[in-house]
Amino acid sequence: MEPIIIRYIEKPELKNPVLVEGLPGVGNVGKIAAEYLKDNLDAKLMVEIFSKYLPPQVLMKGDGTMYLVRNQLWYYKNDESEHDLIILVGDYQGMSSEGQYELSYKVLEIVKEFGVNLIFTLGGYGTGQLADKPRVFGAATNMELVEEMKKYDVYFSETEPSGGIVGAAGLLLGLGKELFRMEGVCLMGETSGYFTDPRSAYYVLEKVRKYFNLSINMEELEFQSNEIGEITNQLKEEENKVEKKDDLGYIG
Amino acid sequence: MEPIIIRYIEKPELKNPVLVEGLPGVGNVGKIAAEYLKDNLDAKLMVEIFSKYLPPQVLMKGDGTMYLVRNQLWYYKNDESEHDLIILVGDYQGMSSEGQYELSYKVLEIVKEFGVNLIFTLGGYGTGQLADKPRVFGAATNMELVEEMKKYDVYFSETEPSGGIVGAAGLLLGLGKELFRMEGVCLMGETSGYFTDPRSAYYVLEKVRKYFNLSINMEELEFQSNEIGEITNQLKEEENKVEKKDDLGYIG
Amino acid sequence: MEPIIIRYIEKPELKNPVLVEGLPGVGNVGKIAAEYLKDNLDAKLMVEIFSKYLPPQVLMKGDGTMYLVRNQLWYYKNDESEHDLIILVGDYQGMSSEGQYELSYKVLEIVKEFGVNLIFTLGGYGTGQLADKPRVFGAATNMELVEEMKKYDVYFSETEPSGGIVGAAGLLLGLGKELFRMEGVCLMGETSGYFTDPRSAYYVLEKVRKYFNLSINMEELEFQSNEIGEITNQLKEEENKVEKKDDLGYIG
Amino acid sequence: MEPIIIRYIEKPELKNPVLVEGLPGVGNVGKIAAEYLKDNLDAKLMVEIFSKYLPPQVLMKGDGTMYLVRNQLWYYKNDESEHDLIILVGDYQGMSSEGQYELSYKVLEIVKEFGVNLIFTLGGYGTGQLADKPRVFGAATNMELVEEMKKYDVYFSETEPSGGIVGAAGLLLGLGKELFRMEGVCLMGETSGYFTDPRSAYYVLEKVRKYFNLSINMEELEFQSNEIGEITNQLKEEENKVEKKDDLGYIG
């Protein structure tokens, strides 16, 4: 079989499109953000990607039917910005590192056809800690984009993420820059990494919404985000109680 | 070497054949069911499949001779139904996930030649518990098949199997649907997952027998099934005793 | 690079040659036997095999120089038998199961050119126990060879080796039989599996020597074998003492 | 995508060039030495290598920008020796053993074009112990080079490194010798293996500097080396104290 099988559903004319990626990863931050984006913008399916680099698996739809795991490209014509969007979502990333290269390269080949020169990849940055308000870390392919994203309160650190960025979120930018003359940004929402984190996804998606002037209704994601916020506050209060008790213990 | 080597033993004319798959997996439910089917119907060998995606291994026959591990297709002309059968059995599934894709794809290519449009894959659904009477779970490629299988008391759950279906039983259906215009059903016999389970295989094969109106003598498999049933009852009784003791302990 | 790189040193005319394989494995029984055979017969190097399926490694020669890991074919013209020999030795087997298939297939392609129709693979059969006198287990590609090898006191079991034969020793026979019309025997020397076992190799090589009427001087291997035998006896005596003590303990 | 993507920055005319390799490994000895060499000689970038055999990863530059992981070749025209240099550095070695073969083979193909016949690979030799003054172990492709390197106090052992040399440092020499008619030496600096070791790198690079009569300013690496030396001395003193205490304990 072809290692990667591409099925075009539609080949739309797109205006200076930007690729926005959100595949499964730390806290599923990128996946939540990108799928919310696609659903809320009522984006249209344009490409389906099947591959032996994905797990050998079907998933259940809940009505007794199943579907083969896949990645997908959806497009959205954005009248309020100079950029249309192509959104990459999927059930899984490639299972092997070679498979990740192959899949990212193929996606870049496809979106190049549609005129993509700019990429936003979305992900989580696992800190192992509960944050009051998650920051959004950035990494870009050039200094102009770094400076531009700083205006949107994206946080660029000298030292973080210290291990670089692994998987599609890094590879699309790295391969895009080196082999396809694309530039781009990775936006990483701070997250504990212990659970699926729609709050972190909310803060990440807010940057994307503002940057591309998108008419997204953020209400539902904000609601989920607030829920996570409340749980986080409760957890932090309990942590504090435990610590205070411990402190008293030492004093008494 | 060719990654997958196909040897045709016979190229029979088949009437609207359905592929029935049963390869090793949880409780070996699918393998037991498919091999019982093939043996009892006195099916004929049509294709042998060797592959570097299978383990690098020969198995012993018991008389001092050995054979290279393989998958096989057997056919059965079924005069009492509109469907002839092609039965896929084998010593192993592919070892890597890429190998599983390649092997499933190749099987689909082969059976397409013979006119297969419908696939039944057989497997086990490991619950970690001893069931009084194993249910048969289903998953299908379309709603018509879901409804049809419900008539045969196949159980479709909104949530199970929660992790989807991994391996050939899922992949043949997923790839078959997306790339070969085939439809199909996966039948999964409830099983503890702790041992080889001919009882679960019995209940799975009963669905297949009835659906395709097959003249299988189920006696031997029923006998093995009853043995497992008795062992299960004994184990459950002992569990109950232990629990009752524990209960008394709390009271006393 | 070519996945497997073949370098012919010499292309001798061989008389009805048999392939004798001994690569690293359980107790290194096969490797010890095959290398002793090659050295003692003063066999000639005919083919070197390099491959990315072998470990990415060089080994030291002891004089400060190194060499790339490889497999090799050596030949021996045997005037006292109808069979010349091709002996397969090497530093490693393939690292992945796909690599093992590729390497075995390539070796079979090469030796087919020289007219090989019969294969003897040599290995160890790990029992986890110290044997007084190691038996030599057999597995063959047909019943005639089973019967023939029984005359040489090769032991064929209904149940052993229960897991079949993994790696080159099995694969050369399995692929040879299915794809190259070759027949063959695997000879497995009983060994504890805890250490390199020249004694087991001695008993295995004795079968080969007698079968092909080879003028090998077995003295040195017999000497090493006797050393292992003495160590084994000491270990068994100590085991017995411990057991007797335990027995007395129960009585007293 | 091409498994390995080569980008030529420049194709210089080089005089009898030698390949000097230093990729990540034990104590990062080779990497530190080769990168110090390249930086200090103000070498020029000639080739960039991207590959799916490297990790699917981008690394941070510290200013908010990122870059795709890669290997690189740099050249240096050496007026004070008969040999110009090509220096191989990189973020990672290949992730799989097959990838290591492919990458080493490709590098050899490239440098062959520029006339390389001699290779120096640099690495660490992990002993698990803190050495007063790290020795530099050697392994060469022929006896002449062994003898020549002995003049530079390179230490050749009959038994070490007992496991051979794994990875690019071994493979470039092994493949170079067998398939590209190149000769070469591996220089391995003794190192504990517990931390990044610029001291070991210093001693390794000193051999290279002297052999090729290179005008390298070793000051900075010597400074780092001395720091490691002091830390090592402190650690050893503490070890001694602990041991003495223990000794006294037994006496008292």
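Which chain is which? They are A, B, C and D, in the order written, and residues in each are numbered from 1.
Note that contacts are C-beta pairs under 8 Å (C-beta built on N, C-alpha and C of every residue); 3 or more make two chains touch, one makes a residue touch a chain.
Keep in mind that what you see is a predicted model, and the values were worked out from it rather than measured.
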{"item": "Chain copies touching (subunit C, subunit D) - same or different residues, decided at half shared", "value": "different"}
{"item": "Distance-maximising chain from subunit A - centres being C-alpha averages", "value": "C"}
{"item": "Distance from subunit C to subunit A - Cα centre to Cα centre, in angstrom", "value": "54"}
{"item": "Mean-CA-position distance for subunit C and subunit B (Å)", "value": "38"}
{"item": "In subunit A, residues with contacts to at least two other chains", "value": "none"}
{"item": "List of subunit B residues in touch with subunit C within their complex", "value": "1, 3, 5, 7, 50-60, 62-69, 95-96, 99"}
{"item": "Subunit C-touching residues of subunit D, taken from the complex the two chains share", "value": "94, 97-98, 100-102, 104-106, 138-143, 146, 156-162, 164-168, 170-171, 173-175, 177-179, 186"}
